[in-house]
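All chains are identified by letter, namely A, B, C, D, E, F and G, in their written order; residue positions are counted from 1 within each chain.
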Amino acid sequence: MAGSSVSVDYSVAMATAPVAAADWLVVAPSLITILGGALCLMLRKNTDLQPKLGVGFLALLVIANFGLLIRVLDHGVVTMVMGSWLPPFGIAFTVDALSATLSLIGSIVAFCAGIYATVTVDSTGRRYGFYPFLLLLMTGVCGAFLTGDIFNLYVWFEVLLIASYGLLVLGNDRIQLDGAVKYGVLNLIGTNLFLIATGLLYGIFGTLNMADIAIKVAALENPASGTLATVAALYFLAFAMKAAAFPVNFWLPASYHTPNVVVSAVFAGLLTKVGVYALIRVFVMLLPASRGYMADVIALVAIATLLTGALGALAQSEMRRLLGYLVIAGIGSMLAGVAVGTTLAISGAIFYAVHSIIVMTALYMASGIMNLMGGSYNLRELGGLYQRSAVFGGIFLILGFAVSGLPPFSGFWPKIMLVDAAFEDGRSWLAAAILFSGFLTTLAIGRVWVYAFWRGGPEGTPDGQTVVVSGSETAQLTGASVWLPLGILTALVVYFGLQPEWMLQLSTRGASGVVEPLGYLRSVFGDQ
Amino acid sequence: MIAVVDIITGVMLVVGALFAFVASLGLIRLKDVYMRMHAASKAGTLGSGLMLLALAVYALDLAVATRAIAGVVFFLLTAPIAAHLLAKAAYAAGYRPCADTKKDALEEVVRPKS
Amino acid sequence: MTGLFLINILLAITWAAITGSFSEINLVFGFVLGTMGLYLIREQVGTVAYFSRFGKAIGLALVFISELILSAWRVALIVIRPKMDLEPGIIAYPLTVDRDFEITMLANLITLTPGTLSVDVSEDRKTLYVHCIDVPDPQATIDDIKNAFERKILEVFR
Amino acid sequence: MTPAVIDDTTLLAVLAPFAAAVVAPTLTRWLKHNAAWVLAIVPALVFFHFAGFVLPVSEGKTFVAAKAWAPSYGVNFSVYVDGLSTLFALLISGIGTFIILYAGGYLKGHPQQGRFFSFLFLFMGAMLGLVLGNNLISLFIFWELTSVTSFLLIGFDHLREASRRAAIQALVVTGGGGLFLLAGFILIISATGEIEMSTLLASPDIIKDSGLYLPILLLVLGGAFTKSAQFPFHFWLPNAMEAPTPVSAFLHSATMVKAGVYLLMRMHPLLGDTVLWMTILPLFGGITLIVGTLLAVRQTDLKLMLAYTTVASLGLLVMLTGTSHEKALEGAVLYLLAHSLFKGALFMVAGTIDHEAGTRDVTKLGGLRSAMPVTFVAACLAGLSMAGLPPFIGFVAKEVLYYGTWGWFEFGLILTVTAVVGNALMLVIGAAVAVKPFFGPRIETLKHAHEGPVLLIAGPVVLSMTGLALGLLAHTTGVLFVGPTLSSLVGSFTQVDVHLWPTKINAPLILSLITIGTGIALFTQLDRLRATIAHVLQVIGWGPDKGFDQFVSGIVRFSSRLTRFVQAGSMQTYMIITFIFVGLTVLVPGYLANSWPAMPKVPDYRFYEWGIFVIAVLGLIAVLVSKTRLTAIVSLGIQGFAVALIFMMFGAPDLSFTQFMVETLSVVILALVMTRLDLLPQDHRSTGSAVFTGLIAISVGLGLSLTLLAITQQPFDTRLSDFFTEYSRAIAHGRNIVNVILVDFRGFDTLGEIAVVALAGLCVLALIRVKTKPEKSEDNARQTQSAEAG
Amino acid sequence: MRTIIFRTIAPYLSALMVLFSVFVLLRGHNEPGGGFIGGLIAASALAIFGIACGVASVRRAIVFHPMAISAFGLFIGALAGIPSFFFSQTFMTSQWLIFHLGDVEVALSTPLVFDIGVYLVVVGSISSIALALEEREAD
Amino acid sequence: METGVVILIGLFFSVAVYLMLSKQLVRMLLGIAILGNAVNLLIFTNGRLTREVPPLIPSDLYTPDVAIANPLPQALVLTAIVISFSFFAFLLVLAFRAYQELGADDVNQMRIAEPEHDQTPPQGY
Amino acid sequence: MSPFEFFASEFLDWAVNFALGILSISFVMIVYRIFKGPGLPDRVVALDALVTVGIGFIAAIGVNTGYYLYIDIAITLGLVGFLATVAFARFVLNRGLAGDETIMAEVEESIARREAGQ
């Protein structure tokens, strides 16, 4: 039965050259998370072991991603073809600066969430798979960032989607179920659109490898026309849904405030950014002509998202819903980068993505602490937190200013890059929208600060007095598990604000990598 | 030899198909669910069983043949059970047989007139 | 125990049948798998009676297949008849057999044979309720079943 | 001439206050309020450092120092030392020193005194970075930092709503203005390609020639006017008086509010001396001057009176800068210097009185001169300088600025009149603040007033004394400070000859006399004047301050309306909108790109193949028309079954195999689940909505069919499949190519896929097993609401 | 469904199906079938078993919690890709071990292990879902 | 060869969408199930269609001697089927639990996450 | 080939197509029953019949293409078809006993029909 008797030239089908052990870093994130997730799942019922295992594997994940980034910075784009099958036939993981950066930042956020969860996720949550869900969510996230195969990208999207479902419903509060229904159905439509577009793309080019597609698209004499135009539009719609761009972002405000706050934190950090990443990868690298063709539409969507997001935040009295809208506003900025599409713009978008991943997760964690301290998420019922802990107040203010794009924090740099790029592209309205959205965000954050922190107590507290709210689970606030992750993320926010150079270089490198993907193609097909 | 096999296969296929057809016809024409079950669970099973065997014959391959037979046996095991369960369930749920059904021994057991 | 062993052998043979290779190694493998399969249902196989007389079993099988063809034919006739004047009914059939396995066997045979379909077994396992597609004379049908099947089953399992 | 590069000590000098900010709380925990003595050393050192630049700068030298910050984006942390920046740096660090001391006394024993110190230092550092900033981006960063720190300082007394409101107001106005400035700067950078102020100043016409002058000017003014509280953005400044007095004295009189003026002066060579410039600035400056003084007169609270005069003075400065007239600019520089000194001093006096007497209401104060002699002296000196009487620097400033305005071609008169009126009213306030509380009969206050401690007195005394000294040494002042600063304004080395006593009777002198006369006259009529203005304001009944609240609540209400509209909360609406966009997406591009397929010919399907299609269609219809969910579920089986047959008929046994299994299992799971559900049997849809949704559905299906058809009519590249076919058995040892693809060629997909399956299992487990907690009461409320809704 | 007829026959049917599912799994590399379909068949077998004889007996029969089985499948599925690391090949490069037992040629390979992983995952998850739903009805 | 299937696919999509636009969760789910089939058929058709020749290699050959159906889309669809099945199962149970806890299968009545009468944002300072 | 062999293969081709044709007609009839009902059990019986006939169809296709592997699909189909029927039977039973409104309506209908003497 085996083909040993027939003589075939393996070298025409398989990569026969020995692979450096370091190249395995490319699959390390996927492997670590899958094995870790599976292990946690097997030992599901040992609820004490779960956090140790989970956080341990997440730490491994961070290390692996860090190593991968180093590898990419040293050796340029790294490619591994699974099963040694030559591209475009096998599935290739192709990692450039963009992929590695986002993967690393994402894993850091997940790691912090893993620690934070040791406090906020009870034994039931552990028993019913919080850590497996989190780890396998990261399988999806990292896989999506690292893969170089469009269908494989779809698979990772699904992995992270189903994992997010699990996290979303964990606990089964009525509000969760409600949120999950909307989140579930709408996101399923999104991934189905992605799959449809991919199927059609395969029908056009007969290939699935991104590099291969990029080459074939470039070879077309009119790359923005014909059925490809429809495919591009479908991709845009699909990823816009994933990225929660207006007006197809209903699922986000409907669900992000419903689950356990640490879950909201992870979602806010990671999910939408994967959509943005896919948008950049597919639109800037694979279908540049279509991007140019649709630039005005994208810009329009970006403006709408920026404004509806920021205004939405102003309209909320519930902390987590407010933050949900801030996530959306941030997406608007990244979309603006995609709309402009220059290297500066894309690097701005990438930097913004990194910033947004960190700061939104941190803000949700902070809102969780606000709830623990003030016994509520509602701005009407919150108050006196600045009295309770000035340090926490400071942290919140830093994060708030960061998300508003005020210097000297991480949000500032991408903002000026994007505004700059928009001006240079002659899109003053886009620039104005970015700035105005930042202004509204400042106002929203200022209101939160005034109500929850400066005000002496809940709404109706007499002027000049303090009413101490009986902070419900203050016990959980003692101990590092809540503060450490928040501290790490805040430190990053400050670091990227004060020392932006490293991230600037990374994002610029990532951006030029997708704008002129020659390095990417070389690493897949060699010098051809 | 091949020719003979072809003929046999053809005949089995036609007969099987006709039985299947009869089963569906019964499904349409018979009056209530219980009677329809007769058609489906007998003629249907026999028909498709025959056609499966036809494939086995056509294959002229022990492996295929044995598998086909195993399959047929399997249907013969499942079909009656399926019918039985469905009939039991339908009756317990309260679905009445058609008016022609004069004798109904289950009536007083399941729905005693009290 | 011998019953179990027999069934295991049967499973092994089934395995050989579906894989289509009666080589020793494959039979052994089939036996192993069969054992695993039986392990799965270890709790349920307690009541099994094993066939004492294989010949009779074969006989039973033959009868039953012929009956099946016959019944299918009858149904066919009934169905394609332009106007059907049927007298369907549900009759209570007094069971002689009392073992689960035998009752099941009988019920299935009845279902697969002319115009009858086992609907239910009474709690006390004394009566089998049978739906008949055309019973001008219930007693006749009951006798049919008694002679056609129940006797044979008793021959096989006792 | 090109600026000389100096070592990094200047950079450190800018950073020093930040370091102080870090240590301040700890230090204060140890030394209590006496920490002020130690902390004050920092700004003092900074002061002396910059004092070292005075002589070289007065010889026309300029210096730069830079550290790379974000080189990939051309951002450096760099300073540009010239006359203007030196003057400001000295004011900030000098006054800062005494503010720190004053704060030590003023907030003595306050639990958060340490935090207060570090906020002050943060601000100080930001301010230094701003005025010395050479790199536009870093300049902007420090600019925003001043807004942020002032937000924290204004809201320092955060338990009081007024403070919170004032803080938000300041943040919104100055922070919002900052965005204009940022846009302006980025435009400058992209228009000129230059990011360093010094290089920009080296070629002054670069912006005017860029073609983006207008937007740049407007955006920069947007930043400057908000920061420097020009009408109509002036309202936040008086409210900022909610902050503790040291803050008012430092930020809202001497330094921060002058950042806008600084920016205008700094960019005068680049943006100034144009019709636009000379129209907008004098206009807004003049209005601000008059409005500010009138409102000041209306006040009785010492701090508020001072605050409004600050507004007025800022207006005056903007007005003068707007003339682009050398003499007027000289006046502006002098006035800037004078104002910082006397206003700083007067604020501290006001604070001291408040601190010692317990009230700041000028009507409740009187005869304190005996109780607080030193404060009294300081107050007088500062007040006289403010009133513009000799021999104070204020007088000198007034002389020069009159000289400037008088000589400013045709509009000179208007400007001069404005200046005179403004100054006269300013004199009134100066008198009211410096004289009224101390003279007249002693009014007893709730706290028995007596002289404050050294920490409180040091500031006022030194500052007012300096005001006097600079006046007496007018010439030196001119040479050391005014000349160099003026050079920065006009963009070329300029020397000035300032003297205290007018050499001959000329217009300025007469104007001064008129001013003084009018002032004294008005002072006697102060109460009536106050009443009149109060009445007028009452008649108007609206001001930008009220407007701010209306703006905020308005935008909040608007946003909540908008959000309710776009996020309506109804799932069906979400779905409809989403699918409308899907429909557009699949139809519009095809239409635009005209990529519709050719008319296909009828395919040669066999009889039974058509049969399968028919079953599929029937299955779909069955699901659609099924009245009850049960029928629908059963019908669902039909179309799934048909799909499996289609797969089989096109040579995909594995697919139809799987499809059969999956379809049946779906039905089974449906049945299992449905066993517990009681659902509405009907799909209620009005004809209208049925048609509407039907159209959406059809457009989606149509668009996808057309696209798919168009694609399948194109030739197809079977490269991948050929490869798999070629090596499936030869290398991968498998004859079922599909399976080999699944477990080998594309095994990684399958790995992800089984992860999905495993997770789905876990999800369902979590869904079914975890019991829902009994919900909170408000959820109950909402539940009932939604019940009513339904 | 508490009926003697069904309850008596179902266990044998299940055993038969499991047998068949293994067959489908093992021959998948060369004929239609494979881990996924095999898994589904086995899962259906367990479902029938559960419907006939109650969920508890199924749980006892399979000893481990179905999700644990599923997790184990995922685990070995991922592990199956790793051996190539030691031959300095890329992830999931298949490794073959072919030897002869009597007349039949037995081929052990990492893809086979992987496929078994798939099988276990599907059996575990699907039966977990089915059983969980069954239980709700039982109670 | 493709035409008929393509038209059928369009029909599948239309029906799926129409059902998903129902306000009844269960019908929505039926729509999702059909949508899955539609997408699978679409991918399958994109690989072009060949009648009745499965991508299998006869046991006596190393490469098939006749033109076979395109195996890749089959593998992709297989993956997609499995995934959509998993999602279907999840959503089904989710709907079931939602119905249990929220007491409604009318999605428009599921207003706990986003209540009908939502709080207005706080005013003042 | 000999005329007999020729006839044989001709006959087989005809038989296969005939069978497939007949079966597709049966499919349509069965689907009609699923439409018509009237009761859930009727539909379930029909669905079960659909599967049963499908098995025959598959076998015919197998003969048509000469791929015997279709047998396994047929076997599996029979298996899951059985499962589906069982599940539905159980559904009918539980809902019937639980007094599900839809099923009760159908039951009433069947009673009415019986009393109407149909």
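The rule we apply is simple: contacts are C-beta pairs under 8 Å (C-beta built on N, C-alpha and C of every residue); 3 or more make two chains touch, one makes a residue touch a chain.
Only a predicted model underlies this, so the values are computations on that prediction, with no experimental measurement involved.
S.K.: Hey, which chain ends up farthest from subunit F, C-alpha centres compared?
M.R.: Measuring from the centre of subunit F, the most distant chain centre belongs to D.
S.K.: What's the distance between the Cα centroids of subunit A and subunit E, rounded to whole Å?
M.R.: Once rounded, the distance between the two centres reads 35 Å.
S.K.: From the C-alpha centre of subunit A to that of subunit G, how far is it in Å?
M.R.: 49
S.K.: Using CA atom averages as chain centres, what separation in Å is found between subunit C and subunit G?
M.R.: Roughly 22 Å separates the two chain centres.
S.K.: Could you give the separation in Å between the centres of subunit B and subunit C, each centre being the mean of its C-alpha atoms?
M.R.: Inter-chain centre distance comes to 14 Å.
S.K.: When you check subunit B against every other chain, which residues touch at least two of them?
M.R.: 18, 23, 25, 31-32, 37, 39, 41, 45, 47, 61, 64, 67, 70, 74, 77-79, 81, 84-85, 88-89, 92, 97-98
S.K.: For subunit F, which residues are shared contacts with two or more other chains?
M.R.: Answer for subunit F, listing residues that touch two or more other chains: 20, 28, 42, 45-47, 52-54, 56, 59, 62, 72, 76, 78-79, 82-83, 86-87, 89-90, 93-95, 97, 101, 107, 110-112, 114, 120-121, 125.
S.K.: Hey, what residues on subunit C touch two or more of the other chains?
M.R.: If we look for residues of subunit C contacting two or more partner chains, we find 14, 18-19, 21, 107-108, 118, 120.
S.K.: Who touches whom among the chains?
M.R.: A-D, A-E, A-F, B-C, B-E, B-G, C-E, D-E, D-F, D-G, E-F, E-G, F-G
S.K.: Using the touch definition up top, name the residues of subunit B that touch subunit E in the complex.
M.R.: 74, 77-78, 81, 84-85, 88-89
S.K.: Show which residues of subunit B lie in contact with subunit C when the two form their complex.
M.R.: 18-19, 22-23, 25-26, 29-32, 34-35, 37-39, 41-43, 45-47, 61-64, 66-67, 69-70, 76-77, 79-81, 83-84, 87-88, 91-92, 97-98, 100-107, 109
S.K.: Can you list the subunit E residues touching subunit F in their complex?
M.R.: Subunit E reaches subunit F through residues 30-32, 36, 125-126, 129, 133.
S.K.: Where on subunit D is subunit G touching in the complex?
M.R.: Residues 606-608, 610-612, 614-615, 618-619, 622, 625, 628-631, 634-635, 637-638, 641, 645, 648-649, 653, 656-657, 660-661, 664-665, 667-668, 671-672, 674-675, 678, 681.
S.K.: Which positions of subunit F touch subunit A when the two form their complex?
M.R.: 20, 25, 28, 32, 35-36, 39, 42-43, 45-47, 59, 62, 72-73, 76, 79-80, 83, 86-87, 90-91, 94-95, 97-98, 101-102, 107, 110-114, 119-122, 125
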